[in-house]
Amino acid sequence: MILLAFILLPILGAFVAWLSSAVHRSAPRWVALLVMLAGLVLSAGLWWQVQDDVYFVGDHWLRTFELPWMPRFGISFSLALDGLSLLMVVLTFFLGALSVMVSWNEIKERVGFFHFNILFVLGGIVGVFLTMDLFLFYFFWEVMLIPMYFLIGIWGHANRTYAAFKFFLFTQAGGLLMLLSILGLYFIHHSLTGTFTFSYFELLHTQMPLEANRWLMLGFLIAFIVKLPAFPFHTWLPDAHTEAPTAGSVILAGLLLKTGAYGILRFVIPLFPEASHYFAPAIMLLGAIGILYGGKLAYAQTDFKRLVAYTSVSHMGFVLVGAFAFNALAYQGVVMQMITHGISTGALFMIAGSLYERLHTRELDRMGGLWPALPKMGVVTMIFVMASLGLPGLGNFIAEFLILAGSWQAAPWITVAATIGLVVATIYSLRIMQKVFFGSSQREYTLPDLSLREMLMMVPLIIAIIWLGVYPQPVINVASRAMPSVAIHSSK
Amino acid sequence: MSASDLLSLLPLLIISGSAVIAILLVAIRRNHRVMHAFTVFAFICALVALYFQPYAVPYVIAPLFVVDAFALFNTGLILLAGLSVLFLSYSYFEQREERKEEYYILLLLATVGGMVLVISQHFISLFLGLETMSISLYGLIAYLRARERSDEAGIKYLLLAALSSAFLLFGMALVYAESGRMDFTGIGIYLKTLHAAPVAVVAGFGLMVIGVGFKLGIVPFHMWAPDIYEGAPLPVAAYIATVSKGSMLVLLMRFYRDINGYEYTILWWVFAIIAMASMFAGNWLALLQQNVKRLLAYSSIAHMGYILIAFLAGQEAGQEAVIFYLVAYVITSIGAFGVLALMSDEKNDAENLEDFSGLFWRQPWLAAIFTGMLLSLAGIPLTAGFIGKFYVVAAGVDAELWLLLVLLVINSVIGLFYYIRLVAIMFQPLPGPAVRRRMPFFGIFALSALMILLLWLGVYPSALITVIRDMMLTMG
Amino acid sequence: MEGLVLAGILFTLGLISMLIRRNIIFMLVSVEIMLNAAGLAFIVAAARWGQPEGQVMFMFILAMAAAEVSVGLALILQIYHQLKTLDSDEASKMRG
Amino acid sequence: MEAHFWWVIGGVLFVLLNTAAGLIWLERRMLALWQDRYGPNRAGPLGLFIVLADTIKLFFKEDWIPPFSDKVVFVFAPAVVVASVLMSFAVIPFGPNILVADWNIGLLFFLAMSSLGVYSIVLGGWASNNKYALLGAMRGASQMISYEVFMGLALMGVVLLSGSFNLREIVEAQRGMWYIIPQFLGFVIFLIAGVAETHRLPFDIPEAESELVAGFHAEYSGMKFGMFFIGEYLGVTLVSSMIVTLYFGGWLGPAFLPGVIWFVIKTFVFISLFILLRASMPRPRYDQLMEYGWKVLFPLSLLNLLVTAAVKLILTDNLK
Amino acid sequence: MNPTWPFLVFGGIVLVLVLAILGLSYILGQRHKDRSTGEAYESGVLSTGSARLRFPSQFYLVAMLFVIFDIETVFVVSWAIAFGELGWAGFIGVSVFIFILLAVLVYEWRNGALDFGPDGKKILKAYHKMRKETDKEAAKTIQPKTIEHEVVVN
């Protein structure tokens, strides 16, 4: 039941927010914020509950929820929550709340509709994290798109239309491929067992011919690595991130990309173990290429947001590498990476946003020497830059360390490449600091430092990233609840 | 004609009778409001009568008609479509100076044609229904005499429709000459008796395909569609896109089933090629359009292609898919054209892309509806179009028409381009200050109803699906 | 059978003239020819099987053709008023 | 049998042509009678030879084909009217077995032929390329086609009663009672429509001398004009004989005279009725004529049809 | 029974006869050429302009009426000939049919499709309207309403 609440809360909230714009201009903001905080509290509460029974064994589904939807196709509205989804939901609400706050002053027009879209997209994302019915999954997968399209297309920057269009087409095409493979799986399962069903639990145990297995797997995989995005399909990402409003970028980087990773962990590997093993080397290679290539491009950028965008290409490469290393360490690393990257990159985008508010530019060359003007912001930025280059003691370090440690057993050479990626990361991250805050300033800035609202956003992020860096155990525990589904396959 | 026969034809009789009464009404006194009210009333009466029809058992009125669940369902579809078109028509014609009353007579007659088509199981009734519909459509298309495009569209449609029905007739004549039967089942039986269909019959079917294909507006018989949609009054365009095509499709399904056409690979391939061609031609040409009407016309061609895929999938899954998609398509098209109709002013229709720029900030509700319709056409979730497309793909996968399916996917991606482009235009920031026009109540009411239906089918289609399933089961 | 052949020839002639004619009225006429060819075919068929159906069909074809002609003439008058031409190419303004 | 048919054919044609010619004389005499003057009385007894004189004159008149006309059509237009009218005599039973073509579609054939007559007027007027002629042609066309409808509908009453299109059978069916009694309304309509069809006075709108010079045959002269003339008189004869066949029991009559004679007598009565009409009635305006047709005759003919059918059905039910 | 050849013979003779008459008059007729032989006779007035007049579309209307109602007689005919077999059922059917026709007739009547020739009131109204407009913009002259409904015949 609570799972349904997780999904309905944002979606209903969306409509309320839209309507409330009639009452007062900033009413939608408050509505959205309250909704998000409520969701955060709920999910955190759930987490707290499951904290109590850390050591229980058996099936790892903490909560499940089922409703018949389209019996004719064997489609049911079935939700389930395990450690992975739980973490993702918490993250979603956390970043959701922040993205509402970050757009508090940025969005001045059509406030109601803006928050409608924000909440709607978040609702879709929560749905994606929770659903255990493939049709429903596809459904939410598509539901995420439209509002995001509007977010970019209406409130974005200069050539937003193009960016939104590109984003939409890439993900849509991927989605259709996924639909085809879902259907293929569905009918193969039917031909084998004689029952029509989209239920994840049922399909999990379909013994399909190797050939079909591989094709279908590719269908899923492409959809997910487009979203992720991995090397060949990443071109939509920089545009989308750069053109989107800050909140949009935060959601994109922090959450939407995670849906791709989540999809790989949840569907690709468990559903198609053989195929995943078969393709693993190639995919890991893609991941490695992504890491290096993303890093290189990031270094070459002069646009703050664009730079950050490419860093996330690089970071997602780690996810790909870890996910197909098939062992517990790497897997936990991937989970960690998803969360920490969400936090750190989100934070960086927020900083970019607030810089833009102050300087009305994203050009690194037009910045520089801001430290004296904005010491607080400088500190915050420093922290997150360090995080993204994987400084020990911050979340990303743990994540990437685990991934590398895990993948070393699977594919040493790729690990080496990835490690080089870390160096690249150091370079471009420091470049940010250097370009923005140090160096010679073109002119004397008299700029307001971080406001109370911004501090309110940043502090939780800082706490989170440090906490994840120092004491990641709770996360790992919860994530390890979901372990078996992968561990099974990694044991060959 | 026994009493029960008449009873089972009651909806049809009501509509046709009210057409005559409408003629007399006009003769007595011209009054747009009265005519509109009367026509709406007639449609509602017909729907009520339909509601009380015994649903399950097929009722044959030899030799022309058969009233089975399938027929009843589609009759209902036609009536509802007609009703919503009516709601959209009033304000559209009210602001124009031509004589408005005949429009309703013609609409009633066209509906009669459609209803006959849906229940016919015999060449003669087929022909009668078809022509009743076409001839009233000529009038409807050319209704706005002041516009020269309207006349042009009318004469084009007339010539081409006459041509196509000539083909259809000649084909039927060949089949008849060979088999000596004009009722579908009879032909089916005749074909069963011999191993390979004789050349005359094959030729006949070929000619009939031309005739039917024209009505469906599928490649290569689609050239009329864009011009007609552009020239015709918007409600009429909506009507053609839905009722005329829909009833023809239903007839095609019935005929195909009765002659168990799935056995003939030639026919299958013909339709397969037509389907591919329609998808590609429709989508590609739609990409080039600057006129929204023409864009919708081409997209409707593409959609017919999608439907044909489901049709070719055969089996019950395929047929269900066809019907479901048809329903979704009808809702969507009427909605889309309805928005255009409500946006049009006295002089010209809203059809250029710039008419839509920033619509969302002028007419948020209208724009939202239009967005919904376009997304449904594009097959995005939460809309009926999505479930419809899913249904089609499912049927296709079931029948393992991989080639067609891949093409379908490619085409839906192409389709996204122009649908989303239109949406993007609507959400552009306004050039000037937002000037709002008052929207007629009926139109908004109908559109909202359609929108709700769209979302409902998109979120919870089970109800409709079960209905369609039961219907197909009764068909056997 | 030769009846059918005759009908076929008529039909083809109608089709050809439909395709090559440019005057709308003549196009209408040639369509009528095609329709009547179809009607003839029906009558031949009916004669072959000794059934009335074909002839009934012919009557309906007749009626339909008549209706078509009258609507068509009305439209043609309109077009002539507006465009002062009956040449189908000149009259066809809509493109794309 | 063969010989019989030859006789019939020959006889029919001979009689018809002479009647047509003779009518010229007859009409002029009778008009003169009613208009209280002499009329043709010089050539031969009672001026009977005027016919011969006229014929010869017409033959020797210049056969002028207007240079500005559409020549071929111009020449053939008059031929059409004569031919079509003569052909329709083929199905009329002059006597019990004096009948060229004993067809079961006789009535339809008659209708078909009478509608062919329209062409001669339209084509003639059109080909003349003369304003008056064209006006006359258009008027004539619309008048004739309109009245054709009513004529056809009026005939259906008879068909209902007799249940046949075969004129001989129709006549046979009148042994009990001439259809003039049950079909009086139909008869009236048919008569009026007949007058209009033959565009005789008072319905001679197409040639209305006083307004259109000579209407559709303004440019015609010589024998071609003569053929229009003959066509008109033949038409009168045809309509009269149709009236007789359909409503007045054709050849039926008391046995002391052979059927043919009865037929001829009856026919002549109606021919003279036509002439009387010409003598006595003023010409209506074109629009009056048309509106009269569509607004009065058409509903009446439909009504007649329904009433006849209902009555017959009731009677048959009672007989059972 | 009833052989067809007599009819053919009859037709043949008729044809020959007609041609003979035409031919004879052609042969026997005199020839002459005068100053105004080749002119159209319009009661002595010299003809001006083309003889291809424009006609009120009223005539086309008549043509359409004829086409429609003549076709309708076709159905009546087929009913009439099968009258005996059909009985009351047929009667009801045809009376419905005829009722519809009458409805259409009433419609046409009311819409002035059956008003042949000029309608005095209408012309007067059009004239007054025209006068008003001409008074408004004296420069532009407006064609009277009736001309709009005319078409060149050819």
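Order of writing sets the labels: A, B, C, D and E. Residues in every chain begin at 1.
FYI, a residue touches a chain if its C-beta (ideal position, glycine included) is under 8 Å from a C-beta of that chain, and two chains touch if they have at least 3 such contacts.
The chain list, named the UniProt way, goes like this: A = NADH-quinone oxidoreductase subunit M; B = NADH-quinone oxidoreductase subunit N; C = NADH-quinone oxidoreductase subunit K; D = NADH-quinone oxidoreductase subunit H; E = NADH-quinone oxidoreductase subunit A.
This structure is a prediction, so every number in the text was calculated from the model and none was measured.
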Shared interface partners, meaning chains that touch chain C and chain E: B
Neighbouring chains shared between chain B and chain E, ordered by label: C
Least hop count linking chain C to chain D through chains in contact: 2
Most centrally placed chain, judged by C-alpha centres: B
A-B or B-C - the one linked by more C-beta pairs in contact: B-C
Of all other chains, the one whose Cα centre sits farthest from chain A: D
CA centroid of chain A to CA centroid of chain E, Å: 81
Centre-of-Cα separation between chain D and chain A, whole angstrom: 96
Distance between the centres, which are taken as Cα means, of chain B and chain A, whole angstrom: 44
Interchain centroid distance [CA atoms averaged], chain D/chain E, Å: 19
Of all residues in chain E, the ones touching two or more other chains: 63, 70, 109
Chain A: positions in contact with at least two other chains: none
For chain D, residues contacting two or more additional chains: none
Pairs of chains in contact (touch as defined earlier), listed by label: A-B, B-C, B-E, C-E, D-E
Residues of chain B that touch chain A when the two form their complex: 361, 375, 380-382, 386, 390, 393-394, 397-398, 405-406, 409, 412-413, 416-417, 420-421, 424, 427-428, 460-462, 465-466, 469
Residues of chain C touching chain B in the complex: 4, 7, 11, 14, 18, 24, 27-28, 31-32, 34-35, 37-39, 41-42, 44-46, 48-49, 51, 53-54, 56-57, 60-61, 64, 67-68, 71-72, 75-76, 78-79, 82-83, 91-94, 96
Residues of chain A touching chain B in the complex: 68-73, 110, 135, 138-139, 142-143, 145-146, 149-150, 153-154, 161, 164-165, 168-169, 172-173, 176-177, 179-180, 183-184, 186-187
Sites on chain E touched by chain D in the complex: 1-7, 9-11, 13-15, 17-19, 21-22, 24-26, 28-32, 37-38, 40-43, 47, 51-53, 55, 59, 62-63, 65-66, 69-70, 73, 76-77, 80-81, 83-84, 87-88, 91, 94-95, 98, 101-102, 105, 109, 114-118, 153
Touch list for chain B against partner chain C, complex: 123-124, 127-128, 131, 135, 138-139, 142, 145, 148-149, 151-156, 158-159, 162-163, 165-166, 169-170, 172-174, 176-177, 180, 182, 226-227, 230-231, 288-291, 294
